[in-house]
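See below for the structure under consideration.
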Amino acid sequence: MTGDTGLIQACIAILCLTTVGLHVARKNRNEAVLYGLQSLAVVSLFVSALLEHYATPLLIVAILTFLVKVVLAPLFFTKLVKRHGLKFAASTYTNVPETAAGLVIILILAGSGIFAPLANLVPGHHTFLVMAIAAMLSSMLLMINRKGALSQIVGVLSLENSIVAFAVLAGLEQSAILQAGIVFDVSVWLVIAVSMVSLVFRHHGSLDTSKMKSLRH
Amino acid sequence: MKENGSNMFDAIASPAGLITLLSVFGLGALGALVVRAFDHVANFWTAAFAILGSLWGMLFAGSIFVTHHEVAMKVATSSFSGFSVAMHVDKLAAFFIFVISLVAFFCSIYGIGYAKEYYKRFSIGALGFFYNMFILGMLLVVTSFNGLWFLLAWEIMSLASYFLVVYDRTDRKNVKAGYVYLIMTHVGALALLLALALLYHYTHSFDFDGIKAHIAAVPHLALAAVFGLSLFGLGIKAGVIPLHIWLPSAHPAAPSHVSALMSGVMIKTGIYMMIRLFLDIMGPAPLWWGIVVLSVGAVSSLVGVLFALTEHDLKRLLAYHSIENIGIILLGLGSALIFSALHRPELVLLALAAALFHTLNHATFKSLLFLSAGSVIQATHTRNIEKYGGLMKLLPATGLFFLVGSMAISALPPFNGFFSEWLTFQALFGGIAHAGGSAQWVFVAAAASLALTGGLALACFVKAIGATFLARPRSSAARHAKESGFSMKTGMAGLAIACLAIGLAAAPVTRLLQTVSREVTGLSGVASTLHVSGSRTLVVGDHGAVVSGPAVALLLLLVVVLVWAGVRYGVYRRQKVMTGPTWDCGTDLNERMEITATGFSQSIIRVFKSFLLPTLHHAVERHEDENPYQIKSRTVSMQIRDMYQASIYRPLYRLIGMMSRSAEWIHHGNLSAYILYIFAAIIIVLAVGA
Amino acid sequence: MAHYLLWMIQIALVPVVAPLGIGIINKLKARMQGRQGASILQSYRNLRKLLHKDEVIAKDASWIFRVAPFIVFGVTVLVGASIPLFSSMLHLPTSDLLMVVYVLAIGVFFLALAGMDTGSAFGGFGASREVTLGAVAEGVLIFSVLPLVILGGTTNLVVLATGVTSGYVHHLIPILLAAFGFIVALLAEAKRFPFDNPDTHLELTMVHEAMILEYSGKRLALMEWAAANKLFIFSALAVNLFFPFNLISSAGLGQVMIGVVVLLAKMLVVYVGIAVLESLIAKLRYFRLFHLLFVALILSVVAIGLVL
Amino acid sequence: MEILAIIIGFVVTGILSFVLRNRRLTEGLSLAVTAVGLVVSTLVAYRVSTSGTYEPFSFISVDSLGALVMLLVSVVAFFVALYAVPYFRKETDKKIIDDRHVRQYYALSAIFLAFVLSTAAVSNPVAAWIFLEATTLSTVFLISFYRRSSNVEAAWKYLIVNAVGLLLAFFGTLLYFTSVAHGGGVAGLVHWDTLAAHAKQLDPAVVRIAFIFALIGYGTKVGLAPMHTWKPGAYAKSPAPLGALFSGALLPVAFLILLRFKSITDVAVGPAFSQHLLIGFGVLSIVIAAFSIFATEKNKRLLAYSSIEHAGIMALGFGFGGIGVMAAVLHMIYHSLVKPALFFLTGNMLLRYHSTYIADVRGAMSILPSNSVLYFAALFAIVGFPPFGMFLTEFFILSSGVTTYTVVVAVALLAMSVAFIGFFRHANAMLFGEPPRGIEKTKTSPWLLVPSAALLGITLFITFYTPPFVQTLIHEAVGKI
């Protein structure tokens, strides 16, 4: 996975920035756009890896991923936001400085000894792999932090993006059929998640998961 | 034995004999289920098979003793290598089979009449099924020779007895009693499971002979752990003091002929396993084992009788007495363990014979007492002693049998109770004289507790008989009580005769038990301090403390009859005997003036009040209309704070409740927290693991 | 002399001489109180009178009330015959310490039941007190004889009575302590002064009298007699176990006479002691009795400690 | 060849039952396909026991453990289908749900079973992950089946927690491929055995991290301790047949995948690492579940906690190694048979008492006598009373670890006794006592009782006599783990 490091650097930078952006974003619409951007970065990363050993099925998979993640997902989100008028994402558990502190800790953690073996899987991409791991951890943090159902879905999808990015960087891509299977899986997951969100909205009147207490008593 | 006679016994004392014994009870159980639609048929089927089975059991045990055979049987099962259905009947197991069959025989006869009370209310088929399974479970426990098979039989016995305890499920107290009972027995079984697992790990075998062969491989710490765990597990089943709380509520809840079996025989299976484990399998026990068992026995006997004195529920009173008698058996067993640690084999044989003899005696007189209590309860439909009174004239047979049972349990001479307690005393005195250092003082304490227990037991049964059978009936139910049926009376009569017969035949029975204890402890060559001269007298020690069953009975009878004849006919033969009302300082005597059970035990409870912590409640009922000072009625009731319940079990239950509420709180439903759990798990495990 | 004659004396000694003891005690108490007092044979006359009177039995009483006197009296006669009185040759299979204690317990058992059978409040409370005291007193009794059992190595009373002499000298203190314990147990079992006042019928204090309140005629005679026997038995035991010097081993007439006389002399000392005790101290409050009994128990345990 | 046929069969049934309007036909179809599935998996199991791993195609490979799990899944599926028919008929009679719901259930459950079977059968780890993810997706709508706000909430939590868990598992699975990938895409499908073969070249540190991710990821599906939070909600709110499928079918499959990763890790870094992890998670699950059983108020949540506890016991068994592994495999079989029976019996109680609260269910012994007798038997089976096999397996699991991990065994034993006290307390409250007014004793249709009775009968049967081919399968599987 040599590719030209410049493109990879750009994509990874976008990936991290968008994850941080997701943490800060207030409006649901912005979260959708940021997620689209992030998926674009990952797809382009995937395409750049494609350049060395070109295989048509992988190209089809790349197009498919592009279609699903970059086009379809944001579309669904914005449609959902419009239909239910969910302008603002529900609030978070921690205010901005605490989130920032959390992200810093995440960064330190990703770079620390725990993930060291993962980072030097491919010596050339040491920093990139650390960044991918940081993206993964921060998307999990996003899910913990956010109360809104929509932002939890975005958190899951960004976690998936960062895992795929890590795989591409570490040279662990799978054969085309499996890639296709994964994308198909993600798309079905997306459809179901969105319909569930509308179901949640219909039953609970709001997307704030912390308000959902009917299970308790 | 004569030539042709012996081969008949050889035929019986064989695996075939054992299989027929177990299959008769199995058939009885399954048959009862099949015919459960018709109450009469089910009742008859259960009783018939149970009686047949117990007869065969007695015959089988007898033939084992006669032919000195050791029946062994082993069937491997497919699923696990260690688990095999291994049965082995030596003299110890045969003795326990005999005890189980003897009590089961009379209880089943009694059961025919008693079960009629449950017709059309509950399914007699279920009663029959669990009754036979219960006896089958006990027989399997005493004959099992493989650790796992033993645990299996142990739990079948507990399960069957659980369903019998909750048989009358309309009464909420029975259900609660069953709940506490099954939990404690299961926790006990888990302790046994852990002990056997430890043994399995070192000896790589479950069969008792395999464990016994490799016992040296087990390090001392593990052996001590196994002892602690098995004493805990078996102690729960035997009902020793700190682990006894299930017994006073569970035994009375079951139908009377079942509680007789439970009190008389089931708690003995705990004793059987203690003997098998501590003396037979785990080789020479260290000294502190014996001291622990002895002190547990002493505490159990004393505390058991004290709690019995405070009871005014007839069956709970008898249940507490089971705890007391188990304590006495443990005194014998404990001293046997100490003597084997001090390498004094002749005293080991004496102590073990005392323990086994008291097991047999307790089985007979306790089941007699429970059966007669059962017919009293069936006649008066209540278990509260305060409601009885004057039943000796209405239920003469039951009264007599209860009297015989009480004399036997208070160790009064002509009956069997005295001889086993006498042997236990001799063992303890031997211990005081011969044991060294600290063990001596434990023996002194044990002797003190046994002496005090004897007296208090007598006090308790005078209270029980006096309040139940003497003077005038204190309630309408008692006034209209009717004598129980023929089968119930025969059941009780048989046990009463057994008590007397064993008392008279104390010497030969003890010689038999000596052979059993010789075989268990492997001290066959040693002369015991206890030897039986002629067929009548028991002689202990070189200076010969002599006691003889038939002689005492004969002398007592002779003297009483002579005195009666002398006074009746020798002097003033024309004496007129009139009956008149009891003199009570001129006031008209009503039945409320008799002493009640609570009143009777009031003085004893005041003496031991620092332990029993009695609290008196005065309920005063005033006339509504006229002046409030005119009291209509005043009832004084006394409650005893069950120290063990209040200081150990209730706080434990609250602790579990508190911990479980905090565990349940984890599932509070907040999604972010759930994801935080996973995130934290990943980070922690990575930090630790990698 | 023939063996049977010896046995005749042994059996008859207790029932015959016991009422005399009671007579002596009452006489001595009367004299100490400055009264003339009835003659020492008065208790015989009481028994004869009672034996020839008609009897009234409570209508609520069951057969236990009717049978109890015979059992209680019979038990005292049997125990009287089996304990070592004057000769060490005569022993029955029942002459074992525990056998004696538990056979007497039969007496207590039926006495208490008879007390409760009539349904009057007095009988009930008498039985409750009797049985409570009996429970603790029995323990004290066994424990006070235990030092001798340890020394003698057996619980056979006859062997104890003769065998202890050898080790007697250098175990004087524990034996004296045990003797004190035994005396307390004696007073408790025989219901003498600090435990129960035999002369009064005051409901608050009476124990033994309460149980035989309803008896009359022959049965009352037997009950009174049995009480006297019991006191005789315990004092004989006290005397023969703790000061065992008079037991004869041969069957000569002279020997027997000396033995009996020495026994009665020693018994006289005990009876005089009881009479003096009853004149000096007042009856203890019921629940204080147990402190006394526990003190006796502690002393016996100390004695055992010294003997071990 | 038959496996592919049966998976496609299930998928087709799913689609058909979604399309067909005729209710009776969908029921017949689901019964037929599960029956055929049972026959096929027994045949496959028999073949695997005789001639080793069965690989008709490159992407299908069924080893001994796989065959065992598939047999278990199809047995459970058959009895669930057998129970679902009368259960849903009763629910429609009581107007709780309408026909559309029932058709949705048959469709989605058939698809769910298809994915479960394919997870067990597929040869490639990533494909197995995909199908496992698919099983989650297919059951989300089943959990929100009764369309009440609490059901939706439970479904949402189920979706999100499982998504997170499975993504972590995906990451773990990918890390295993470092040994095979070394640059560039990979041509064919990587087989479990090739991964195991190349395990030696894996860098041990990476393998440790990979196994941790896989354990926590697939542990979410199995329901091990900190990741089990979705289970109580999902089990409580889903219909009884689905609960049975979850605990009877999904749990063994998830464990199967986890065990395959464990065997690979053991080759790479030695067994000690994975064993310690499994023991840690096992004890944690037993303790949390045991105390939650004691405090819970709903009888379906009770079964959820009991599944978590038994997952912990199995993890403990695999963690202790030696005889413990075989006992854990047997424990998995017994649990997958007894737990569905418990679900059916609780479902019957729900039908009669219309409430899942333990406090509302009283006097079941007099209202549903035969159901209560079976409930007693199932209770004694699940808690580990002797006549049933769980007693033996729990004994051997504990005895395999008793000396090396004495504290762990002691804690586990105490927790299991607390679980027994809790479970028995609830059973006592439900079965005895006076039934609430207005509920009277009517005859329950036998078809509601036959499945649970049959399952309990099978458990009892195989405790004493395990058919030979199953025995060989177990021994081979134990060899591989």
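When the chains are written out, they are named A, B, C and D in that same order, and each has its own residue count from 1.
Everything below uses one rule, namely that a residue touches a chain if its C-beta (ideal position, glycine included) is under 8 Å from a C-beta of that chain, and two chains touch if they have at least 3 such contacts.
The structure displayed is predicted, hence computed values, not measured ones.
*Asks:* Applying the document's contact definition, name the chain pair with more C-beta pairs in contact, B-D or B-C.
*Replies:* B-C
*Asks:* If you average the C-alpha positions per chain, which one ends up nearest the average over all of them?
*Replies:* Per-chain C-alpha centroids ranked by distance to the global centroid put B first.
*Asks:* Using mean C-alpha positions as chain centres, tell me how far chain B is from chain D in Å, no decimals.
*Replies:* 45
*Asks:* So, what's the distance in Å between the C-alpha centres of chain D and chain C?
*Replies:* Their C-alpha centroids are separated by 79 Å.
*Asks:* Report, in whole Å, the distance between the mean C-alpha point of chain A and the mean C-alpha point of chain C.
*Replies:* 100
*Asks:* Distance-wise, how many Å sit between the C-alpha centres of chain B and chain C, to the nearest whole number?
*Replies:* Measuring from centre to centre gives 36 Å for this pair.
*Asks:* Can you list the residues of chain A that touch 2 or more other chains?
*Replies:* Answer for chain A, listing residues that touch two or more other chains: 114-115, 117, 140, 143, 152, 209, 212, 215.
*Asks:* Return the residues of chain B touching two or more other chains; collapse runs of consecutive numbers into ranges.
*Replies:* Residues 669, 671, 675, 686, 690.
*Asks:* Residues touching two or more other chains, restricted to chain C: which are they?
*Replies:* none
*Asks:* Where do chains touch, given as pairs?
*Replies:* Every touching chain pair, ordered by label, is A-B, A-D, B-C, B-D.
*Asks:* If you look only at chain B, which of its residues touch chain C in the complex?
*Replies:* 390, 392-393, 399, 403, 407, 410-413, 418, 421-422, 425-426, 429, 432-433, 440, 444, 447-448, 451-452, 454-456, 458-459, 462-463, 465-467, 469-472, 536-537, 540-548, 551-552, 555-556, 559-560, 562-564, 567-568, 571-572, 575-584, 589, 591, 593-595, 599-604, 606-607
*Asks:* Show which residues of chain D lie in contact with chain A when the two form their complex.
*Replies:* 124, 126-127, 130, 133-134, 137, 140-141, 144, 148-150, 152-157, 159-160, 163-164, 167, 170-171, 174-175, 177-178, 181-189, 203, 205-206, 209, 233, 236-237
*Asks:* Give the list of chain D residues in touch with chain B in this complex.
*Replies:* Result: residues 153, 156-157, 160-161, 164-165, 168, 205, 208-209, 212-213, 215-216, 220, 226-227, 229-230, 232-233, 273, 277, 280, 287-288, 290-296, 327, 330, 365, 380, 383, 385-387, 389, 391-392, 395-396, 398-399, 402-403, 409-410, 413, 416-418, 420-422, 424-425, 428, 432-433, 462-466, 471 of chain D touch chain B.
*Asks:* Which stretch or stretches of chain C touch chain B in the complex?
*Replies:* 51-64, 70-71, 73-75, 77-78, 92-96, 98-99, 102-103, 105-106, 108-109, 112-113, 116-121, 123-125, 127-129, 131-132, 134-139, 142-143, 146, 149-150, 152-156, 159, 163, 213-214, 217-218, 221-222, 286-287, 290, 297, 301, 304, 308
*Asks:* Which part of chain B faces chain A closely enough to touch in the complex?
*Replies:* 668-672, 675-676, 679, 683, 686-687, 690
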